[in-house]
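In what follows, chain A forms one complex with chain B and a second complex with chain C.
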Partner chain A sequence: MSERAIVRPRLRQPELDAGLRASHDGLRYSLKHRRTLLDAICTGVAFSLAGLALVPLLSLLAMLIVRGGPLLNLELLTGLPPAAGMPGGGIGNAIVGTLIVVGIAALFSVPFGLLAAIYLAELGNGSRFESVVRFAAKTLTGLPSILAGVFAYAVVVVTMGRFSALAGGIATGTLMVPIVTLTAEEALRMVPSRMRAAAYGMGSTRAQVALFVVLPAARPAILTGVTLALARAMGETAPLLFTALFSNYWFQGHIDQPIASLAVLIYNYASSPFDDLVGLAWAASLVLVSLVLVTNLVAQWLTRRPIEH
Partner chain B sequence: MQAVEDRTGAGSAARRNSLKASASAFSPPSPFQRGFDVAFRGLSLALAGSVIALLLGIVYQVMAHAAPAIRDLGTHFLVETKWNPNKQVFGVLPEIVGTLYTSCLALLGGGLLGVTTALVTSQGFLSRRWELVLKNVIELLAAIPSVVYGLWGIFVLIPILRPVAKVLHEQFAFIPLFETPFAGPAILPAALVLAVMILPTITAISREALAAVPKRLPAAAYGLGATRWEVIFRVVIPTASGGLFGALVLGLGRALGETMALAMLVGNANVYGWSLLSPGSTIAALLANHFPEAGPVEIRALMYAALVLLMMTLIVNLLGAAIMARATRGLKGLV
Partner chain C sequence: MDQVATGEDFRASSAREGAATHASDDRSVMNCQIQSLYYGQFLAVRDTRIPIASKEITAFIGPSGCGKSTVLRCLNRMNDFVPGFRLEGEVRYRGQDIYAADVDPVAVRRTIGMVFQQPNPFAMSIYKNVAFGLKLNGFKGDYAERIEQALRSAALWDEVKDKLHHSGLSLSGGQQQRLCIARAVAVKPDLLLMDEPCSALDPIATRRIEELMLELKRDYTIAIVTHNLQQAQRVADRTAFLFVDTSKGGRTGYLVEYRKTDEMFSDPAEQRTKEYIRGEFS
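After this line comes the complex of A and B, so read on.
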């Protein structure tokens, strides 16, 4: 308002209009300016690249449904793999096998990782040892998963003299330990320190504080970490190839015998010359990806629940 | 005052009893509780130590089983190009070259897409809600098992690439990259799938690096009239460059060790060269293919190969972690 009042007496109306228009043009978002044009082009390129990144995911999910979806039925989920070249058959033993291997892995890796995390978050007091443990855990997460298989081969398969479900579980669990440790530590650290202070003030021991105060409070976040580790473990193939091997039969209750798994089934049948087996590989992929995604969704749902105070 | 007097004064016998009871709740821990405390702390300490032992155990086991092969084959193993269990000739030069070649190609694609996606989902292009949606969708990529990527590569990607590769070879055979005919399973499809697989890692770490840039730096640049991409290229990326570089190195570490998709797509041929269309091999794929049926002598050679892979990934990952640590420390002065 006041600027106009100052400007108006000096300029005549047409000059004023032209000047206003020019300065307005300079500020308006217009592709006529070189810098704005360049900016718009960059935005376009960036969004195209981000869109390109999504193409494989969409194509993959679509293919899983198109190739695997029609094969889904009760026989597939409960049957045994067919003899080569025969139609029909199922992947029931592989589904059970995957769950057993992951179960064995979780049985030792979850308590292992959880107690290590309690040490890191509650008992370590920021010592040098504590940072070495954390460093080791971070290094383990970066290790190629096939090396966990090599480790379990050297420790279990060579000792027992044969491939076994146990070796597969140990290979997979080796991959889960650092994930559980690091996520659980983070979860424990999120618990407000006044809860610890209150418990110590009542004369609790450190074990009581860790187990009965901090651990329950951090439970949802810890469960999220464990569930994510499980989801990752289900899809691992490389550590099972030469530890759990594969089996065409049902699990007989012996964990010292080779066992089937969805991941190894997919690998074996993907390069099969028989269309029926390739179809089973697609169906198994659909089942495996669904299992992994559902587990991931459970993990996210667990996070959404607030920490209990 | 009244209440305090009531509590401490000569109240009824019942009140005195309840006082006693509450006093016992504040008594020192019983011998059992103290013993439990010591045992629990000891167990936690032992398992925390076991995490270190696990890492050292993996390194030790691989080294111990590789020792006979290291003695027999020496460093010649690293430059020998043949792998023949019958003649007991073992060498991993093609695998080392193949591992580095596919990983670097994947880093080129995955790095470009990953950093771009991180920029798109963090620099205010989209509303918070859509940023989160896109970020979660990209994270889905990480949830898909690598063996499923392999299956997709065999039945979707390779058929798509076949006509393209044919034209590339026929028209541009004079370029070393296209000097061989397309084999189906080859370096190109393997590297493309690998790029998709390391993309979520790079996106996630890049987002962290970009989020660590203090808000007032881009705000100041916007205030000077810079366009969005001027801000990104001249302020945000240079400030976050350390973290972005660390993201790329950690992505490379992931790519080096990736096994299944490569074992299914790279062709597992013991050759190496510049051609993207020829089959090749990687160390991880070699392990996956030969381990299940290997005899004792070949196992030792495979353990040696595993040791080479272990050392490569350890070095790259430690380098990446060091770069990330330095980058975060470097930004502290700006906050």
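After this line comes the complex of A and C, so read on.
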């Protein structure tokens, strides 16, 4: 070890002055400082724009509550739509119908999307086919929902020869598949790779790693994605117009028959000349928005729930 | 015979072949003979021959990048997942080359357990973590008993017996690593590989794992990678010292010396080993 002289950094005079100034008034908040002013302005702008973004949702909710709220009662939630021009009646069949259509959509899209996600995240190995599939899924998320209806019309309605709940479910399911696929892929990729290594190290096959280790670890995040997709599907009108059509009666247990839904009920009645029907459309809108809200809350709860980690 | 199905089949058949071809080598569970090990064009390890003796602890030591983990991962074919991995040489497990074309790597990994550098329990309960390997092997016996036994041999039972259905990830780092050891020994592997199992742990947890290894040695054969010379001295019966050769521009690991641990540390044969042990470079 050679002995080295210890060099002390010597402060030059201007630096020393700056330091002294800072110690007196430079440490206090003051809008006179350029960066403090700029910071305050940016913060203010961000706050106001965030507030502005809330305006559509809040005004919509307020309007729905004002116009639809007073109409809510038990008959409305459990009754059938009235004959034209008659007062009273309800939207019970449409509520049930929406849940059934979304249920069919989920039955079709969740396994489909989940398996696609497992392929993308676990088995694709960065192959060309994998990137094609992912690109297709991303493109499909932007698919105009009416085209999903056209697809289901061509595939189900034309072949079966009639409008049906099944066709409506497939149309909405088509919209859900890419959402489920992409959120589930993301969730699977979030699972730490050392868990995969552990599973392989114990002598698991690729399928066993995906099904028994990665999927359970990603389950909470996957459920969130599925719930969000459900919320989105619930509000869709366009894909139902020429697939599920509408029905003025209760669901009879036949998914090969047309079925009522809140979205189509709103579409039909909102432009009706009868005030009672317009009122029903308002009430139905409030119910639909509440359903979507509740579903989103469930999704949030699923996300926040302490995951097994 | 307390072995589980797949491993047993594989082991029995290899043992028969072993008896025929390598009768002289029966103290070794594993005989690793690497001529060259490549990742793509990159020569990662060369000329490394390490036998792993039954019911002993064999330590792999050496500076960072000397390929000791790479060599360990050859022993249960974990390197198969690295793109471009290629091995010239053979790894004989009870006489049979595990890199032979007709060998199923999944069967190899069921027989040869592994504990990783980072504790990596699954995102499931403590119970299910230990049960995982048993299920994988189609174990038909008493799960509760076998799981208790595994947790006891990993010196974890007393700490977790009242919360077997809590998540394995709720444990501390040292407990997680012991859970991983319990998970590995639950299937009674013929050989246990440990890749720097203490490097993510504090000194107290490290001590516990070391004591545990000495306990496990009675029933299991262990190969361990460690960057901690004292650890090798404390636990290993035999030690392999690997070093990095940078002479041809690359970074190629190779075996310098393989001896009984006490001989290696008291009287190293090679100059490289001497310098490394004295801490002249690392």
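Rule of thumb we're sticking to: the second predicted complex is superposed on the first by the 252 of 309 C-alpha atoms of A that agree within 3 Å, B and C clash if a C-alpha of one lies under 4 Å from a C-alpha of the other, contacts with A are read in each partner's own complex, and residues count from 1 in each chain.
In this text, contacts are C-beta pairs under 8 Å (C-beta built on N, C-alpha and C of every residue); 3 or more make two chains touch, one makes a residue touch a chain.
Treat the numbers as computed from the prediction; the structure is a model and nothing was measured.
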Determine, for the superposed model, which of the two partners chain B and chain C contacts more residues of chain A.
B
With the two structures laid over each other on chain A, which partner does A:205 touch: chain B (first), chain C (second), both, or neither?
both
Just chain B (first), just chain C (second), both, or neither: which does A:216 touch?
second
Go through the superposed model and pick first if A:255 touches only chain B, second if only chain C, both, or neither.
neither
Is A:120 touching anything from chain B or chain C once the two structures are fitted on A? First, second, both or neither.
first
Between chain B (first) and chain C (second), which does A:46 come into contact with in this model arrangement: first, second, both, or neither?
first
In the overlaid three-chain picture, which partner chain does A:197 touch, first (chain B) or second (chain C), both, or neither?
second
Examine A:244 and indicate which partner it touches, taking first as chain B and second as chain C; both and neither are also allowed.
neither
Looking at the overlay, does A:174 come into contact with chain B only (first), chain C only (second), both, or neither?
first
Overlap of the chain B and chain C footprints on chain A, residue-wise?
202-205, 208
Show which residues of chain B lie in contact with chain A when the two form their complex.
25-29, 33-34, 36-37, 39-41, 43-45, 47-52, 54-55, 57-58, 61-62, 64-65, 112-114, 116-117, 119-121, 125, 134, 137-138, 140-141, 143-152, 154-156, 193, 196, 199, 227-230, 232, 250, 253-254, 256-260, 263-264, 284, 287-288, 291-292, 302-303, 306, 309-310, 313-314, 317-318, 321
Residues of chain A touching chain B in their complex?
35-36, 38-39, 42-43, 46-47, 49-50, 52-54, 56-57, 59-60, 63-64, 67, 112, 115-116, 118-120, 122-124, 129-130, 132-133, 136-140, 142-151, 153-155, 158, 174, 177-178, 181, 202-208, 210-211, 231-232, 234-238, 241-242, 245, 263, 266-267, 270-271, 278, 281-282, 285, 288-289, 292-293, 296
For the complex, which residues does chain C have touching chain A?
6-7, 76, 78, 81, 106-111, 113-114, 116, 118, 120-125, 132-133, 136-137, 167, 169, 180, 183-184, 187
Taking the touch rule as given, give the residues of chain A at its contact with chain C in the complex, in rising order.
191-192, 194-195, 197-205, 208, 212-213, 216-217, 307-309
